[in-house]
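You will see chain A twice below: alongside chain B first, and alongside chain C after that.
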Partner chain A sequence: MNRPYTTQTQERDDTQCLICGTRNEDAAVQCIECSAPMALVRDGTDPQSRPKVVTILGDSNVGKTVYLGFLLDMLSQHTTDYQAIPIGAYSVNVQQNVISHMACRMFPPKTPMEADQWHWAYYQICKRTSRKEEWLDLVIPDIAGESLTAELANPNTFRVINSLAGKSAGMLLLLDAPQAANGSSQPDFFGVKMLTYLDAVHRADRRSRVQMPTAVVLCKADMCPECFDDPRHFTEVNLSRLWNLCQSRLGNVEFFACSAVGSLAYATSPEEDFVTPIPLHTALRGVLEPFEWVVQQL
Partner chain B sequence: MGRPATVIGGAPAGSAAADGPILCDQAIFTSTHSGVGEGYRVVAASPGIRAIEKVEITRRSPSHGSLCGQDGDAVGLEAYTLPTRRRCVAYCCHAGCEQTARGGLRVYTHVAVLDRAAWGRFLANPVAVHAALAQHIRATGPVLRPAGRLEKIALALTPATASPSSTNGPVGGVHWLDCALAVASDLLSRRQVIVLAPATPLRLLEKVLLSLPLEVRENLDVSVGVKFSASRKMRLVVTAEPETELQRRIAGLDVLLRRLDGPAGQPGTAFAAWERLLRRWWREGRSQDVTRLTTELCRGISCDALDRIAAICEDTDAVDGLAPEEIRSLTARYSTVYPPTKAEQTLVQELLQKATDRLADLQPPTDN
Partner chain C sequence: MTLSLFALAKPKSRDAAAGPSWLPGPYQPAEQPAAALDPLKRLLQQERFGHVVRQHRSLGAHPQIQAAFQAAVEAIDDRFALVPEGYATLPATVNDYPGCPEKDVQTEPFLLARHCVTNRQYQMFVDDGAYENPHMWPEDILPHLVDFVDLTGHGAPRHWRNGRHDKRLADHPVVGICYYEAAAYARWAGYRLPTNAEWQMAASWRIRSAAHVLRRYPWGDSFDTSKCNVWASRIGHTVPVTDYENGAAPNAVLQLIGNVWEWTDSDYDVTDDQGRAVVGDMLMKEIRGGAYDTYFPSQATSCFRTGLPALARAHNVGFRCVMDAGDGDSRPASPQAG
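On to the complex of A and B.
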């Protein structure tokens, strides 16, 4: 799709939330119902259409914020055929948060469960080829893992997640690969719950599969490098419940492995009763691939 | 100090004796790692807590970085009605470092769920429940890894926890009683209010709530010391956040933002007479009269009657300083009206009785 860069909006209703559709006051900064920023609507570059939503989902502490921050940073540095232009300064927050913390050898703080505290990234994504440029407006929220878990356990606990799941054009499902490799069933069950939830949101029946492009991303793969060799096989062996559900319920799914941290140290002191993981250096691998695959499917 | 709160197992629901500790359900919402999950969630709850109540507790409880104070001794309060109509009062504090050690402190929320009877025994005052919860948490410490089943909690209703604060004077140069009464008027006008109050928030909240009729305050959703979040849907939020950022976030929401040191309500607005009466009574230390008025007399009346009730109370108080002729005139005025509410009828009867007694006192002694 070729389209010029535009900033004027005329036909679009600037008071209707992009995520849940609730009408808000003109001056509202966040949606009164789901807390999504109203800037997602007002900052839109195309008056005719609304941006597409891609969601990054995963359990608490799986690395959603780090993944999203590095992904946006790579896109904005034009390291591949893709480039990304942030729309609104708020879109840069997640990228800045991740890069500045990792530069200080710290993981970014936990994302609060309160939806009005989430970072939302609104980017114009451009794929350049030798003959043309393809532009796409994408909104990617940084969702708290605990909110997701609560929503999976009791749908409509957080309406914003339900709305996001329904509005999403593509999804990246992040799973903790070393946990799965160590025999924990937690990532497997989380993935199964997530897909079951999506099934319900999309009201798919037994005969029809969910066609939303879904990238299953095995995170922290530096701690179990074998999943880089064959992510499909790794999933089939270590996340068998999820694998079976993907085969039966998803019509457009692909498997990837990624890692952001090169080496990790652990620090503690006699006065502390906890251990702090310290990312000594970053070594990005497999961050762009799942995103590129999803964008190609849109 | 009263008797310490203790956890009692296997007690029947809501069976506390009139003078004993009050038994109620409890839940803990915090961030821990376990075999079944990670991060903020309801990690333990007594068997009486229903699934829909857990959902509401999850939705409303503060998570990472949501307490206003960022130091170890920061404390917050939340009080709200659950879908089952039971009342939830939460004591929020920090409990060590966040369990993933990614920076910041772990927010720990201990929730007491009170049925109507238990809530009534606390006079629908969440600050009293909060104080009882604080006693319990001081004794046991935060329960991060509950061993076995969590049973009902016994909350002590002691003078230390149940009596309203008697301090009404200025704090830090700010006369916060004026602010409390202005906020009470806002709430009576069905407004959603945020108060920026860097200090004394619990006392401020208590004064606001005790200045409201029982039926208004017993269903009021409030938070103190917890950052504002529209999704928590609180009617009253007492917080300490940067004002400009807060103003940006509430833009377009029908929320009134007040500062503790800001201007009070406009004179002549709704509930001005009620506000004036309570200001005087609080300053004269007549907290018993306030309690009787808000919890007994004003039961079942609409807010429209509050200014009329305040006027009757003002006239009753004024009887002491009136001359006999003025008292007779006042008596004549009140004798000809039929008050529309039971509270007004009671207060008018009391006024007339007081006037009669006062006239008898003023009667010159006869010779025989």
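On to the complex of A and C.
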């Protein structure tokens, strides 16, 4: 499929939500059912096919927004065989939000829990080799971790998450590596819940494995660099429940480590009982690899 | 049939003998050269030129001390560059904004290594038994010495194997060493680490003059990816310390910006914009210059301050040594002259 971005007149049903399939009014900005932007449908570059959805899932504070922002920014700079071209100005929001904050040594604000306030990134991804270009339309939402937790606890609380899980062609599951290394079972159980949830959404036959490409990404690996030495081994040892579930239920899974912050400090004073984390400098490592792996599998 | 479907997939762990992911083929350990028996020759062989120059009085009885002293001085002339007296203005807040509180520091002339310490050079420190010798380390660090090991558990930088560096990276800067390892090497070789003000003076070249001009980068004021190895240079790993001659400071010191961050001897001591103390999980030492994976050009400048826990053994932090300009001024007395 060789096709650059075009603005040709497109013939398709522009009222059906890309994510949940609900029919909306012609002028709807967001889907009345799941709050996904209707621009995802209207901005499509190919009337014959719909874009693929890749979801980045993870617990609250694991760094989904930072990961997504840097990923899109790196892809936009055409540094590898892959490049990304945003479709629709709204797609640039998450990238801009992350870059502008991190350059000033601040983490971006937490993603709001309300689905109608999430950022959605719609990009054309191009893989260039010496002989050809391959284009792929990708939609990647920036989902709030609290919303995911609520949906896991009570399925269908967030219809959009349920729809996304069903629509996803690939998934990046982000887990807090230092938390796991410190002996917390929280990342392990979150990962297990997430995979179990996906299993239920896909209504997978228990005798066959889910084939959706899934990248397990150990985040904040700068704080436990052993992740980079062997992410599989780290997962097996520190996230054993998730590891076993991956092996038995996922047919196409790979493990990665990544970090975006080179050094973390905290602003604090004796008068306050809270601290503000400060990303002192960036050191991007392992950000592109899991995404490229997922895209290769699509 | 059911059993085979539920059988665990075989893990594909990384090859234990593999080299760095960006280098093809297996790890290629560096050979260990035979050490000279004569202690003075061994000092020169180990490139501890600062030690020879500074300690020449205690070595004065050696019949070849004058020749050794001369060789050491010539080596220092070749490998170090003079940084003239000057100034460094250090912002006292995390973010350097117009009007933020600052501290002006005056720096005396000093000699700065033209290159970061390489794996080959650091290997001589390891081979000298530094990691087994408690006298090489500050007493309060000794409990942590057992953690200063490589991938195979030997006392060495974090990414080495069996106490040996990969010989394909011999001329790359040594990384995977904490502040204390950097400081111990510098002491062993007869040098020290630069202070944050000295490092900044060397990179910004704010020499004492009526103009009070400083440089954003050692080569000038414009960011240029052809003059340094940062993320935007699209290399993705360290390069030999002799690369990027076009990015040199006026005194021919290379790679102050990019390739690897550099440990300084100063504590990282700043506040946030509201005056709250900025602290890490443990003592933080200041690092300077940016590395091959530094994403924002604004974080790889001559004045950008950041810190790292002193015990961190990061993949992108190395160091370079300095000497005081007055060290070893007096030549050793000839043994024959008595």
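One rule holds in what follows: the second predicted complex is superposed on the first by the 292 of 298 C-alpha atoms of A that agree within 3 Å, B and C clash if a C-alpha of one lies under 4 Å from a C-alpha of the other, contacts with A are read in each partner's own complex, and residues count from 1 in each chain.
Keep in mind that, in the parts below, a residue touches a chain if its C-beta (ideal position, glycine included) is under 8 Å from a C-beta of that chain, and two chains touch if they have at least 3 such contacts.
Since the model is a prediction, treat every value here as computed from it, not as a measurement.
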| item | value |
| --- | --- |
| Chain A as common anchor, with chain B and chain C clashing or fitting | fit |
| Which of chain B and chain C A:Glu133 touches, first, second, both or neither | neither |
| Touching partner for A:Ser248 - first (chain B), second (chain C), both, neither | second |
| Computed vertex angle (chain A) for partners chain B and chain C, CA, steps of 10° | 120 |
| Contacts of A:Thr276 with chain B and chain C, given as first, second, both or neither | both |
| Partner chain(s) touched by A:Asp81 [first = chain B, second = chain C, both, neither] | neither |
| First (chain B), second (chain C), both or neither touched by A:Asp116 | first |
| Least C-alpha distance (whole Å) that remains between chain C and chain B when both complexes are overlaid | 13 |
| Chain A residues contacted in one complex by chain B, in the other by chain C | 272, 276 |
| Partner chain B, residues of chain A touching it in the complex | 24-30, 32, 35, 38, 59-61, 106-117, 144-146, 149-150, 154, 157-158, 186, 272-277 |
| In the complex with chain A, residue positions of chain B that touch it | 31, 35-41, 51, 54-55, 58-59, 62-66, 96-104, 227, 229-232, 248-249, 251-253 |
| In the complex with chain C, residue positions of chain A that touch it | 70, 77, 79, 102-105, 207-209, 222, 225, 228-230, 232-233, 236, 244, 247-248, 262-269, 272, 276, 278, 280-285 |
| Residues of chain C that touch chain A when the two form their complex | 2, 5-6, 8-9, 11-14, 94-95, 151, 158, 231-232, 234, 261, 268, 271-272, 274-280, 284, 287, 290-291, 293-296, 298-299, 304, 306-309, 312-316 |
